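Worksheet: one structure, shown below.
We just call them A, B, C, D and E in the order they show up, numbering each chain from 1.
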Amino acid sequence: MSAPMLSVEDLTSGYGDSQVLFGMSFAVAAGEVVTLMGRNGMGKTTTVATVMGLLRPTGGAVRVEGEAVQGQPPYRIAQRGLGLVPEGRQVFPTLTVEENLVATAANRRPGAARWTVDSVVELFPRLGERRRHLGGQLSGGEQQMLAIGRALMTNPKLLILDEATEGLAPIIREEIWGCLGRLKDEGEAILVIDKNVSALLGLADRHYVVEKGRVVWQGDTASFRADAGVIERYLHV
Amino acid sequence: MAEPILVLEGLCKAYGALTVTDNLSMAVQAGSIHALIGPNGAGKTTLIGQVSGQIAPDAGRIRFAGRDVTDLPMHARCRRGLARSFQITTILPRFTALENVAVAAQAHDGHSFRFLRPAAAEARLNDAAMQALETVGLGDRAAIRAGALSHGEKRQLEIAIALVMKPTLLLLDEPMAGTGHEESERLVATLEALRGSLTILLVEHDMDAVFALADRISVLVYGRVIAEGAPDEIRADPEVRSAYLGEEGAP
Amino acid sequence: MSAPTAEPAGSTGVRWSVPLVLLVLLAAVPAVANAADMGFVTSLATRIMIYAIAAVSLDLILGYGAMVSFGHAAFVGIGAYAVGIASAHDQWNAAVTFPVAIVAAGAFALLTGAISLRTRGVYFIMITLAFGQMAYFTASSLSDYGGDDGLTMWGRSELFGTTPFEDDTAFYYVVLGCLAGCFLFARAVVGSRFGRVIAGVRENRLRMQAVGFNPYVYQLVAYAIAGMMAGLAGALLANHAEFVSPSYMAWQRSGELIIMVVLGGMGTLHGAILGAIAYLTLEEVLSHWTEHWRVIFGPLLILVVLYARGGLGRLIGRSGGDG
Amino acid sequence: AEPMKIGMMLTLSGPPAVLGKHIRDGFQLFVDQQGGKLGGRDVEIVVADDELKPDVALTKVKGLLERDKVDFVAGVVFSNILQAIYRPVTESETFLIGANAGTSTFAGKGCSPYFFSTSWQNDQIHEVMGKYAQDKGFKSAFLLTPNYQAGKDSVAGFKRHFKGEVVDEVYTKLGNLDFSAELAKIAAAKPEVVFTFMPGGMGVNLVKQFKQAGLDKSVTFLSAFTVDETTLPATKDDAVGLFSSSQWTPDLDNAANKAFVEAFEAKYGYVPSLYASQGFDAAQLIDSAVRAVKGDLSDKKAVGAALKKADFASVRGDFKYNTNHFPIQDYYLVKAVKRADGMYATSVVEKVFDDYGDVYASECKMK
Amino acid sequence: MTATLVAVQVLNGLQLGVLLFLVAAGLTLVFGVMDFINLAHGVQYMLGAYLAVSFYGLTGNFFAALVLALLAALAFGLLLEFLVFRHLYDRDHLDQVLATFGVILFLNEGVRIVWGAAPLSYPIPALLGGTIPLMEGFGYPIYRVAMILAGLATAVLLWVVVTRTRVGMLVRAGATNPRMVSALGVNIRRLFMIVFGFGAMLAGFAGVMAGPILSVEPGMGDGVLILAFVVIVIGGIGSIRGAFVAALLIGLVDTLGRSFMTDIFKAFLAPAAANQVGPAIASMLIYLLMAGVLFFRPSGLFPAAGR
């Protein structure tokens, strides 16, 4: 069996003196859709940031296709095929929509159909109407679309979506779930963090519930549905 | 029926060739929860911006509580009881969560040209702030630097700031966005509890929340209100379904 | 709960200990200097403290309000010229000239601030530079008062016929008193409601507007207060040097004030005092040692930036763990 | 015995640093020639850089007076610095030997028994040019100076003797870089001469651009403190043939000067300027006075009287003091030349004033 | 005041403007686009001129000196980046001010130690000698034409690189959010290093070009630095086009002000008073212009939107 696309082992990390992750462990296999769930402030985003090298882990390992990458600068990790849709959009405000898409475009998943500006615009027609507008002038939802498009344009092997549907209209959310489904069918690995649990259940293979910086529950969709207590126990206040 | 608390008449706003608010008129009844929904980029945030005074409309009038406030700056409108939250989190990152809320309380508690007394020791401000934080579930995070809160917590803080001002009209721009499932539920409960004591204009893409809370819904598309009515009417409207709701609207 | 300042949490002890020690040390300077028969040290320290007043006033708006005034020396210069010009017309009474100096600088701050505060960030830096330069060129063209050669005052201010400034040691304590007063006042201001608004506007202007503050008015008042304090420094400087010159207003001077504040640590107030002391003392000591002192001083500044994050004030009062 | 202490207040940073350097090198040369002594006493020199900031100068001069307890303060390049330190030095009854700046106040009403100049009174250098233009019968002049006090003084000085038409007076901002606009104005006004006072880098820029625009072919260039040995290394051929005024040049024909220039060039490897000569003479002046009082500096009156005699062989030839302690000396029209050894220097063209004193002496109360 | 003179002065104003742009170009890149307050720009300009002096001394050829000086300026820029600047990208603007001020002090003094305090120079290359007659007895040096061309070429080059290439996009993106650029797989640090080196080279280039008409002396970059900031701020930070327009505007206003302000005041003031007021106002003119522009357009002429 080949190594998983991403595996996180006993990861610890934090901000300055305050530790946030206390031994995170999970894995995403190639072509698999995995979710991280958890209440606000439990460390989901911190996990993503640490995986991407934006935060320096204090312990544990991050492996991409079997190779340890912890401690490497973010661009190295990204170049291995990780595409990030960050929390809070973080589009480049002074670049136009088109520039936002092409500036960091790359081909990190050889063999698959490449994302282009045109195919992104096909997915989000709204962006087509705003092509020459600056990222900072877009509405919140438009920025969110742009952030997704920007990550797709790096043609990643593993797509990481941190609250990527925040602020999107219901109909667009559906588009995205559909698109992720297609990507999954093409063999793309996907890590999703999202509050729309019900939509995720239809899409994802496996789920991890995060609490206080570690995984407290894991299982596939069927066992998630079966274990009604999960939501009560970990996702409610 | 009494005059609506907020009346928009012929509001227009364009950015270059892009018309974002297109001769828009609408009214919000005092004491109601009025939801404003619509596709991304329809002009909801821009409308909130114009009502709150952040963005100047190109044409049209805004009446709030019986007075024309079109030419008042944002801070003056706020002092008349009009508060808002921001879709894109707007907080004071190096202030603690408590201070973020306390400074908002301060704005509505006498004047701030006081140069010598330490503000941090003013119990009245801190108490009000603490109460607001507890309402949104951030009570145990009061002493944390706001910049170090998680995204969802920042969203909650945003609401606490708006609440502490005890506004008569509260403009909420996607308050549920970024908050987790259960935090959203808590917020719905909070707003439900406020029903009647103030007016809320709610912009939100979370349809569960909208249908649970709204007395009335306006649907904005390309800067125009294409439909307005009670939740059930809107849910059933085919045009709204195709432009915005998709499957999610299905009963 | 500490006031919303730029200081790291938990440094409350430092908030008082460092400035207190500083003031006590400063108070001892004349005695030590006289004992060591180095009277000029008193003179040097007087000048340093005058600049420290100006630096504290700058830190008040720069460190707490992110208003980087690059024309701050103009306020100092206006204060100095008020006293100098008065002396040229035989008005020596400090009870008259000092208030005039303070009000004149404050008025200039109010006027230029009203325009400058329409802008932010680097634009603000540059527009304040522009006003500073205008003041500079205006002073340089005052032929009646020496033009760019400056104006020699033939004495120091009096107070209703007495001459408390004439004796260098007495004058030193007057300046020290002013410094302590300005420092305590500034410290009170930053912790007050007003100071909280100023800091809030620095953090996020839009947010402050949205909760009901008019940032412009608060910033303008802060700017004028800082201008008045700097005007006081100018009045003292004129008395110290018994000479006023447009060079007090040159942009390099404004730049040095900024450097002092940043060197000492922005947003701490006592950092501004430390910065003034460090900058001017190093300049004095190094330049006495070698003509090429700048090749040492320059890299020193760089090292401070690279390794003493947050300036000398923080280096001394480091309590660890700020985010 | 205790060495005698001399404080030198000079501008040693920023673009004008070269002027301070010349003065110091000139001064130092003489001291070295005397084996580190002046007037038979060991000398310790304390150099202070005023940074061209009056209040810095003031602090530093206090250091010289109170910490170093110097017996003389020498130097001072710029008049605003002299303004700032004049009172503290003279009021502490320390002798101030001005080796450059010659402010009119201190030549007139503000003169002091403790101040002696080894340079000139500001106006005089400019007067030379006015006088020369007048004598030569030039009918029209265009005046170009920086917009500051010394610039305005230079215009006044030039006009004192020049009676022809002044077609225009242009005051540029201090530190001006590009003179195209001014040069075009000159070309349009078609004066016979242009008189300018553009010290330091401004002068270098002006001279180069004047030449590059080809104006030297139609207009006579008269200048003060613009074309000298501090700027010639930069202007080189562009300045050759341009006129200036001075009380001294390297080729001034007297024995003291020959020896001075030769020693200076040997020691420092560059051609001395009038500033260097003034520094050298300042050292000579102190030497002569200390020698006259046999090293005893306690009787200030006696030292003052000895200084007043100026009993030394000035490198500029005749040198004596006026009642206001400014020199009475000869002034020359000079021009820039390329010497046989490839170095550039100024050279005497003709004497314009003989034993000339300044006009402010009458306002000075000293007799 | 003849029409010819006015025309010539307008021309002079424009050429001063292009010169200003040339001098400001490197700063436009590093400060305007990359958002790094680099006060050392002025000393880098100075260093370019001094390097040219030395290389001219060695080779006796202007163009050889130009190339060598550019390479040396680039190398030095990279060294500075390595030692100082790279540690400051994500710092407060004022930290950058303090550190780069340290660089100014060091280099101004270092240059004086190495090359001496006296002004230096090197001649216009023979190839670019000579003048174009403009008015009687007044020619326009061909070298200045070359400088104008160099300025225009720099403007076009910068504009293309910044607005039309991926490097330009990435630099602009990195200026607002370097972490995100990095997280998308681009080595932004290396890119910044290269851009910074290029900026240093542009500064050096301006210095080399200025050498034959200006005096090469310690501190020659200080005044230029302020001018360059004025240019960028009036133009609108981040806008190449704005910087170019602002440079021309400043060149024109300054030149026309210097040329005619006093004459204008003479129309309604006594000559002595006019001579007092005119030059004073003329020296303030660019500051008045800046204050005026910022009063009406608080983010400069061509504000970079979205920032």
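The criterion applied here is as follows: a residue touches a chain if its C-beta (ideal position, glycine included) is under 8 Å from a C-beta of that chain, and two chains touch if they have at least 3 such contacts.
Protein names from UniProt, one per chain: A, B = ABC transporter ATP-binding protein; C, E = Branched-chain amino acid ABC transporter permease.
Just so it is clear, the model here is predicted, and its values are computed rather than measured.
Separation of subunit C from subunit D in touch steps, taking the shortest path, is 1. The chains that touch both subunit A and subunit C are B, E.
Using mean Cα coordinates as chain centres, the one most removed from subunit A is D.
With respect to subunit E, maximal separation of chain centres occurs for B (centres as means of Cα atoms). Work out the mean CA point of subunit D and of subunit E, and you get 34 Å between them. Note on chain placement: the centre of subunit A and the centre of subunit D lie 75 Å apart, centres being C-alpha means. We define each chain's centre as the mean of its Cα atoms; on that basis subunit B and subunit C are separated by 43 Å. Residue positions of subunit A with contacts to 2 or more other chains are 15, 137.
Of all residues in subunit D, those touching 2 or more other chains are 12-13, 147, 174, listed in ascending order.
Each of residues 108-109, 112, 279-280, 283 in subunit E touches at least two other chains.
Chain contact summary for the complex, subunit C toward subunit D: residues 38-41, 43-44, 47, 140-141, 143, 146-150, 152, 154, 237, 240-243, 245, 247-248, 253, 284, 287-288, 291, 294. Residue ranges on subunit E touching subunit A, taken from their complex, read 166, 169-170, 172-173, 175-177, 179-189, 238, 304-307. Those residues of subunit D lying in contact with subunit E across their complex are 12-15, 17-18, 20-21, 147, 169-175, 177-178, 180-188, 190, 200-202, 204-205, 208-209, 212-215, 217-219, 230-231, 233-237, 270.
Remark: subunit D residues 12-13, 47-49, 52-55, 58-60, 62-63, 65-67, 79-80, 83-84, 86-87, 103, 147-150, 152, 174 touch subunit C in the complex.
For subunit E in complex with subunit C, the touching residues are 37, 84, 87-88, 91-95, 97-99, 101-110, 112-113, 226, 229-230, 233, 237, 276-277, 279-280, 283-284, 287-288, 290-291, 294-295, 298-300.
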